[in-house]
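Below are two complexes that have chain A in common, paired first with chain B and then with chain C.
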Partner chain A sequence: MALVGQGALILALLLALWAIAAGLAAATGRDARLMRSAALALWGILGLVAVAVAIFVHAIVTHDFSFQVVASSTSRSLPWGYLITSAWASQAGSLLLWVSILIVFSLLALRATRQGLAEIRPWLIAILGAILAFFLLLLVVPASPFATQVAPPDGNGLNPALQNPYMATHPPALYLGYVGLAIPFALAMASMLAGRVDARWVVASRRWTLVAWGFLGVGMLLGSHWAYQEIGWGGFWAWDPVENAALMPWLVATAFLHSVIVQEKKGMLKVWNIALIAGAFALSIFGTFLTRSGILSSVHAFVESDIGWYFIVALILVCGGSTLLIVWRLPLLRADQRIESVASREATFLFNNLLLVGMAFAVLWGVVFPLLTEAVGRVRETVSSPFYEFFAIAFGIPLLLLMGIGPLIAWRRASLAQLRRSFLWPLVAGLVAGAAMLALGLGSSWAGAATGSVCAFTAVTIISEFVRGTRARHSLGDERWPTAFARMIGKNRRRYGGYVVHLGIIVFVIGAIGSSAYESRAQGLLERGQTLAIGDATLTFRGVEEAEGPNYTQRAAVLDATLGGEPIGTLAPARRAYTREQTTSNEVAIHTTLSGGDLFVILDGIRGDGAVQIKAFYKPLVTLIWLSGLIFVLGVVLCVWPDARERRRILRRYAEEPLSGEAGP
Partner chain B sequence: MSESPAATPEEPKRGLRHIRLVVALAVASILGTFAVYTAFADTSIPVLGVAQAATGYDGEDIRLEGRVTEAAGDAADPQGLRFTVRDFETQETIRVVYTGSVPDAFRVGREVVIDGRLENGVLAGTPDTLVTKCPSKYEEQGTSTDPA
Partner chain C sequence: MIAYLVLAALAVAVVVLVAWPLARPAAERDHLDATTEGQRRRLALREERDLALEALKELELDHATHHISDVDYADLVQRERVRAAEAIRALDEELGTGPQGAR
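Let's look at the complex of A and B:
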């Protein structure tokens, strides 16, 4: 079976190469048969990848340890659910998932470009074929899921940190994000190659970017929750290189999603937008490179291998190719208009872009700093959390402020009277919130107080937009308030979806600031009957309990917890010893309070005499971080949801407007 | 950023210069913040292998990388977890004393990364900075020197 799987991947690689050749030939020779053949090649790849996936999954669920990957990442005692998720725990498995998503996305993108973008489709197939060929090459040569061996009686088992329900959602969500960015990149490059550099590629890629960006955001948040619950150091984000690898393309894609609005409405920032989407895709390749090459020390870099060289070549091709294309098409990429005033929406979008890209650059600098210092002949040096936190605050607070200003400021040029009318109440709200925080003694963290104040300003601007819109509809006709509210959103999903996402970001920031800037912590060695106090809470050690799981034994410290003097139950942080995997895992205990804070308890160790080392945190408002994920998803869904009216409007516009730019070569 | 040379005649040139100046100032302040912070803030620490660390870093804060060769004690005890890390290429070793959270995958044979201060050849680990690189026994490479 392994041979069939490997054969399917080799054939898929050959078909991808054919798709490139036929796509290029169809683009230059305008031969419809070649175009059909190139498209059929993509369907062929889909079938062959499906065969490879089926064989791989079959090997996993039937414990066929003659497959090296199956033996190295599963065992007979691994629970059934984790057997399935182990499919993407290994390097080869995750690359196979990558290719599977990419081929499905490629076919969907091809289908979505049938109307209005026919000229760019051959180029699109060629570029998608090239990306597919790269990942299939990785699967055929350095990271084959079908490498075999003499089957051992049992496998090595799955890393206990990966034996978590989040394994079913976090990696696939991130992959959907990383891979999704390939589509807008391919659309942008294909449009430039075809010489069709008007807003059509922007309109076509907007939804793709939103989906990819949404999945990246959700993937990061799921990973944060996983780390918070499973890794058990008491935080949700450690600025680890691999975490940063997902954050960088997300930040650049965020900038892109804003600046494309300016291109769509005003015909500006064309070069910038292409550079941004190329940057976002290059960073997604870079992220995979970081995860898979093991070049930087990371908790998440699961393997060191020579696969890194393949990614370096891919990165050079993506960055070099995009730059050359932009330079080639520069005469076609001139702006239709230009920014007239600093007090305009387009200007706030531009500043927002500068800050987002600045933030992404700072993160990139931090990630590659060890490599840079080594490259200039110094001892390898690294930066840690304070470096990243400085830039998160220095660039993040103005960004939050712009998030409030942008939606309320007029396009082109805002008048002073309009500014005063729009921002009076938000400004008052921000100042009141800041003063209230200082009065409550929350000035201990100036960043916390400043951020809280800016969050209040921005939240009020967003809420006032909802109120103003609803009131306008209500006053116009006989719509009741809820109807007016729902129809207002329904008729302008992108705009209000965007506001909902902004609200999600504010809720996230409040949760992040609350749980980090105002966190309390305590730790101590407790003997039976002893108590550890943390803020309003106490933890009294009652004893150690032992338990057996399906593939582990567990020892838990039983702690009676009180909050504000009232008992809130028993918390039992534990350490698990996995039999087959011969390793232990830390199981934290978390009690969520009504105010949204968490009492978070870690069992750091159990001494020979039965005393336990306990570390405890109280994290105010941390639940808001997870709640923000739901709001974020709601906003993204609102933005992405198909809008038949908008689609008709776009198609009408395409029919009326002649194509800008020159014909393809 | 692409700017059009084709301005409409009624657009005041002064306004254009104004916006360009503001954008340039915004870019400059972002770059300036970055340059000043990275130049003056002491945020980086050297990442050293065991053999490198043994050559004159006494009294300094470092990040040490190596493979655990022996381990005793408990991070929960006041005396802490005591372990030795060996260089990836040479036989040189450094002793480490550590209290704080111990990663799940920590054991003899694992590659670890830990922050701390070297004092008389012994690394006093900073609490909660011990990280294990993921064991290669969970991968198919078969090139692991991991004795586990």
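Let's look at the complex of A and C:
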């Protein structure tokens, strides 16, 4: 079976190379037959990758340890659900997931270019073929999922941190995001190669970027919840390079999603937008490189790894190739208009872009700097949380402020009187919120108080936008209030979907500030019957309980918890010893209070005499972080939902001006 | 042995798949025509027209929600109308359906 799997991947690689060659020949020779052949090659890749995936998954579920990857990341005692999720736990498995998603996305993107973008299709196939060929090459040569060995009686098992239900959702969501960014990149490059830099590629790219960006955002949040529950250090975001790997392309894609509006409305920032989309894709490749090359453990591990240099070459090609293309097409990318005033919506978008890109660069520097110090022969310097937190505050607060300012300013320019009227109530709300926080004794963290104040300002502007829009529709016609509200959103989905996303970000920030700037912590060695106090809560140690799981033994500290003097139940933080994996893990105990805070308890150790070392946190408002994910998803769905009016407009434009070669496979 | 046979069958299938469109001689409809300079110009003008019309709708919403003063609204609406009219006029001239084209 391994031979068939490996053969299927080799055939898929050959088809990807054919897709490049036939796509390029079709584009330069204007041959529709070659283009159809190149497109069919993509369908062939889909079939072959499906065969490879089926063989790989079959090997995992049947415990075929003659597959090296299966033996290294599973065991006979691994629960069935984790057997499935172990498919993307290994390097080879995760790259197979990359290729599987990419080929499906490629075919969907190709289908979406039938209307109005036929001219770029051969170029698009060639670029998608090149990206596919790169990842298939990795799967065929340095990271094959089908490498075999003499089968051992059992496998090594799966890292306990990965034995968590979030393994089913977090990595696939992140990969949908990373891979999704390949499509707008391919669309942008193909449009430039074809000389078609009109608004059509922007519309096609925007939706793909939104989808990828939404998945990256959700993937990061799922990863945060996973880390919060499973890693057990007491936080949700550690500025770990693996986390930063997803954050960087997300920030750049966020900048693109804002600046592309300026291009669509005003014909400005064309070069900037292409640079952003290329940057977002390059960072998604860089993120995969970071997590897969071994460079995070040490530069030497990277030098010795089989896979790192492939990524370096790919990064050079992506960055160099897109830069050359932009320079070549500069004459076609001139702006149609200029920014008239700094007090205009387009100017706020520009400032927002500078801050987002600046923040992405700061994170990139934090990730790269330790690697550079090690590469030049020094001891690896570490860049720790305060570095990132400084930039998160320095760039984050102005960004939050711009989220509130942008909607209140009109395109082109705004008059002083209008600004005064628009900003009055949001400013009052911000000042009142700041004063209230100080009065409640929350001034211990100046960043927390300032952020709370800015969040109130921005939340009021966004809510007032919904109120004003609904009132305007209601007063113009005979629509009832709910109808006016629903139609206002329905007719301006992108605008109001964006506002919903902004609300989600505000809720997230409030949760993040509340749970970090205002958290309480306590720790102590407890003997049976002793109590640890944390804020209004107490934890009384009752004893140690032992239990057996499917592939582990567990020792838990049983703690009776009270909050404000009232019993709230028993908490049982535990340590698990995994037999096959020969490692231990921390299982934290969490109690969520009605006010949205968490009592978070970690068992740090159990002494020989039965006393336990307990670390406890009270994290106010932390539930808002997870709630923000739901709001974020609602906003993204509103933005991505097909806009019939836009579709009609595009159809009319191309019906009036039929372009050559609109029909295709 | 079976594995090699399966692989051979897969290889034949993919070769047939990609060779299929090339198996018959090229016909007239197999030529991908490039977008002409005129088409590009007209497309750009249609985009310009649509952008201006969209901007007018956006201005209407901004005005109704009091983001823009009456004076600014009147000025900006006038500018977008001129922009749309110029695009339509240029498009008519390109197509030979406008006043100049009719002459």
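Keep in mind that, in the parts below, the second predicted complex is superposed on the first by the 638 of 665 C-alpha atoms of A that agree within 3 Å, B and C clash if a C-alpha of one lies under 4 Å from a C-alpha of the other, contacts with A are read in each partner's own complex, and residues count from 1 in each chain.
Convention: a contact is a pair of C-beta atoms (placed from the backbone, for glycine too) under 8 Å apart; a residue touches a chain by one contact, two chains touch by 3 or more.
Just so it is clear, the structure is predicted and the values come from calculations on it, not from any experiment.
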Which of chain B and chain C A:122 touches, first, second, both or neither: second
Partner chain(s) touched by A:584 [first = chain B, second = chain C, both, neither]: first
Chain B versus chain C as contact partner of A:112, first or second or both or neither: neither
First (chain B), second (chain C), both or neither touched by A:232: first
When both partners are placed on the shared chain, which of chain B and chain C touches more of chain A: B
Which superposed partner A:342 touches (first chain B, second chain C, both, neither): first
Which superposed partner A:312 touches (first chain B, second chain C, both, neither): neither
Residues of chain A contacting chain B in one complex and chain C in the other: 336
Touching residues on chain A, where the partner in the complex is chain C: 1, 3-4, 7-8, 11, 14-15, 18, 22, 26, 30-38, 40-41, 43-44, 47-48, 51, 118-119, 122, 196, 198-199, 264-267, 336, 408-415, 417-418, 421-422, 465, 468-469, 472-473, 476, 492, 649, 653, 656-657, 659-661, 665
Partner chain B, residues of chain A touching it in the complex: 68-69, 71-73, 89-92, 147, 156-161, 232-233, 268-272, 294, 297-305, 330, 333-342, 347, 350-351, 354-355, 358, 361-362, 365, 369-370, 373, 379-384, 386-387, 390-391, 394-395, 525, 582-586, 602, 604-608, 611-613, 615
Chain A contact footprint on chain B (complex, rising order): 1-7, 11, 15-16, 18-19, 22-23, 26-27, 30-31, 33-34, 37-38, 41, 43-48, 52, 63, 65, 74-78, 100-105, 107, 113, 115, 128, 131-142, 148
Chain A-touching residues of chain C, taken from the complex the two chains share: 3-4, 6-7, 10-11, 13-14, 17-22, 26, 29-35, 39-40, 42-44, 46-48, 50-51, 54-55, 58-59, 61-62, 64-69, 71-72, 76
